[in-house]
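The next part holds the structures, each set out as structure tokens.
Here come two complexes built around chain A, the first alongside chain B, the second alongside chain C.
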Partner chain A sequence: MKLIFPPRDFQLGQAMEPPIASSNSSGHGGNSSSGRGPMHFGGPSQNPSNGYFSVVNRNRPTALLLDGDRIYRMVQKGILQHYGVDTQNVDNGTAAINVLMGNSFNLIVIDINLPDMDGPEITRQMRAMGVGSKIVGTTSCWCERDRQAFLNAGADEFFEKPLSSETLLIILTELDGGYEA
Partner chain B sequence: MVGVGESWRADKFHLLSAFWILPFLLAFKNNSMVGIELRQEERNFVGSLKEQGILDNNFDHVLDLRSTDNPRFVVEVISMFLNDADNCIAELNRHLNQPVINYARVINYAHQLKGSSSSIGGRQVNLACRELRYASDNMDRDRCFEAFNKLKDEYQILKSNINMIIQIERTIIASESRRRRRLLHP
Partner chain C sequence: MERNQLHRLVALSRQPLFDQGFLDEQFLQLEELQDDANPNFVEEVVTLYYRDSARLILNIEQALERNPLDFNKLDILMHQFKGSSSSIGAKKVKAECTFFRENCRAGNGEGCIRTFQQLKKEYATLRKKLEAYFQLRLHAAPSEKSVAEEEMAGIHLKMFLVSEAL
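== the complex of A and B ==
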């Protein structure tokens, strides 16, 4: 599925398709959410002639990307920014905590492996600080143990990297604060 | 244009001769036409690599992020990847050849290389890293060596091919830079 990059001055609007099921990018079945409550979101709009998805967001969301791998940070930040997400990168948990002292983000993406602490530990610290952002845990190699560790620490979702177009669309549509079908 | 692999070795002469022709194309042809032709060659080349399973669709994201504001994005990302991957491979080699293997360190480097290779669409390297990760989780020394040898082979194939993509990108960037200068100073 090719990414659709909206023009930088695209008009914000409302997705009109009915909700679609959440699935993670690794292809492992089932809903990877923590079950905090029903997710209400509008689906992406699909062009019937070419099958490409486009996404529009009511507001310009912000994201903090926390990953020790600079290649992943560079590419994922570029993709998020093209989807209209103001994205900031950090490469370790301590730096992330410092950034969160003075900033808030709609979305925080945290890798399982960080130089100074693991992803679930930083997630736990963020929740203890009162961070209410949507937190997505990631790994480069799917493992059920890691998924449970993230969800038990307070993450909302867990996916294998890189985040697929379908996964990003679901996450970003949810950030739009969608609506019930 | 086909990628480096068993099928590519037979066409090595034709590929090298194509790159020797490029400077002459730039000298005698309209620069914008060369840029368009090179982009098409690049697309064809990436397509062949995807058919061979060397790259997957995640590489398209890297190409899509190239822009007039940042025409060197592809060159920068691939160069950074190769630098980091070379270091990862060297560290994995060092740790796996210790009398007592530190499997936690091996897992960390395999995790890092898997993440970065998947970000740029390095499919076979990604899969090889997964095997190494599983072998390390089980602390299976023999399986680790087997997985690491496979990883080194796949990485060399990926490296050779994406170095060609860097060369194409640099040629396109130089061509477009010359075209812009001609527009500014006719």
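== the complex of A and C ==
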């Protein structure tokens, strides 16, 4: 199986069509916490040859990784950062809530078992707070019951650990709608 | 022995670990993370894994001595152990973790004990093989070696390959 790793200086990009008549943009960076719509980073710029606008990520995407296992946190953070994702680790749900009080992330990865609460419960609390990040639930042993629990709590996806390079590419592409390796 | 040959032999020494099912592609992902800033990343992660998992193994052993067995607790402990093991690409260890959890969910205490014994064997075997591999990498690392030391490193590598082939 071929592993795909992007060059270290990749940029996530998204082509938007049709051309936008107005040139104003909110230009806000980072994720929108008001809803779970497409993420936009920086402002749009128009291609003069075809008139299409593209939104290029000028800020590195960010991720919060919640897992009780130090080894997994170390490895997954390394992999995410290799993909250009600024990643913060926490090892319990309470710490994650505290971090989210003052920060927003494009992606949140949550393990099913945390020392102080389970993954679906922390997901529920995050959504109740208005966190609009993409939330991915994880487990070391996939089962449908855990998947449903996460999705019912408001997670977007659920995967077995460790996240393969193909899975990460899909997740990161969905973050920005147009991943350029 | 020339440095290129040493590096080729180190790469060859790693292949049996994949062919024999001890490691999976996750280990390759770890190696991709090694660079000049983190030249020993894989060895550091593996060392940490064996350090942290020793405590988990002890906890599981203690939990298996209880009567009656708390299958829920055993399942949670093994969930964490499996997560760690899969993070470094420990394929056979990960498989035994899965069997263990199946026994937990079936409430099969004897099955749990049996699979745990097998898991510990795979865990110990992998440790020995990885230690040997990292030693070889150390021998092959660029340094101020004499010609005799380089030759000795090459001999160690060849002996390792022969022992893996048997």
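Note that in this section the second predicted complex is superposed on the first by the 118 of 181 C-alpha atoms of A that agree within 3 Å, B and C clash if a C-alpha of one lies under 4 Å from a C-alpha of the other, contacts with A are read in each partner's own complex, and residues count from 1 in each chain.
In the analysis below, a residue touches a chain if its C-beta (ideal position, glycine included) is under 8 Å from a C-beta of that chain, and two chains touch if they have at least 3 such contacts.
The structure presented is a predicted model; accordingly, all values stated were derived computationally and were not measured.
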| item | value |
| --- | --- |
| Fit or clash - chain C, chain B, common chain A | clash |
| Touching partner for A:Glu121 - first (chain B), second (chain C), both, neither | neither |
| Touching partner for A:Glu166 - first (chain B), second (chain C), both, neither | neither |
| Touched partner set for A:Asp91, first chain B, second chain C, both or neither | neither |
| Chain B versus chain C as contact partner of A:Arg70, first or second or both or neither | both |
| Touched partner set for A:Ile79, first chain B, second chain C, both or neither | both |
| Chain C-contacting residues of chain A that also contact chain B | 1, 3, 5, 67-72, 74-76, 78-79, 82, 111-113, 139-141, 161-162 |
| Chain A partner contacts - residues on chain C that touch it in the complex | 25-26, 28-30, 32-33, 41, 45, 48-49, 52-53, 76, 79-80, 82-84, 86-88, 97-98, 101 |
| Touching residues (chain side chain A, partner chain C) in the complex | 1, 3, 5, 67-72, 74-76, 78-79, 82, 111-113, 139-141, 161-162, 164-165 |
| For the chain B and chain A complex, residues of the former touching the latter | 57-58, 60-62, 64-65, 73, 76-77, 80-81, 84, 108, 110-112, 114-116, 118-120, 129-130, 133 |
| In the complex with chain B, residue positions of chain A that touch it | 1-3, 5, 67-72, 74-76, 78-79, 82, 111-113, 139-141, 161-162 |
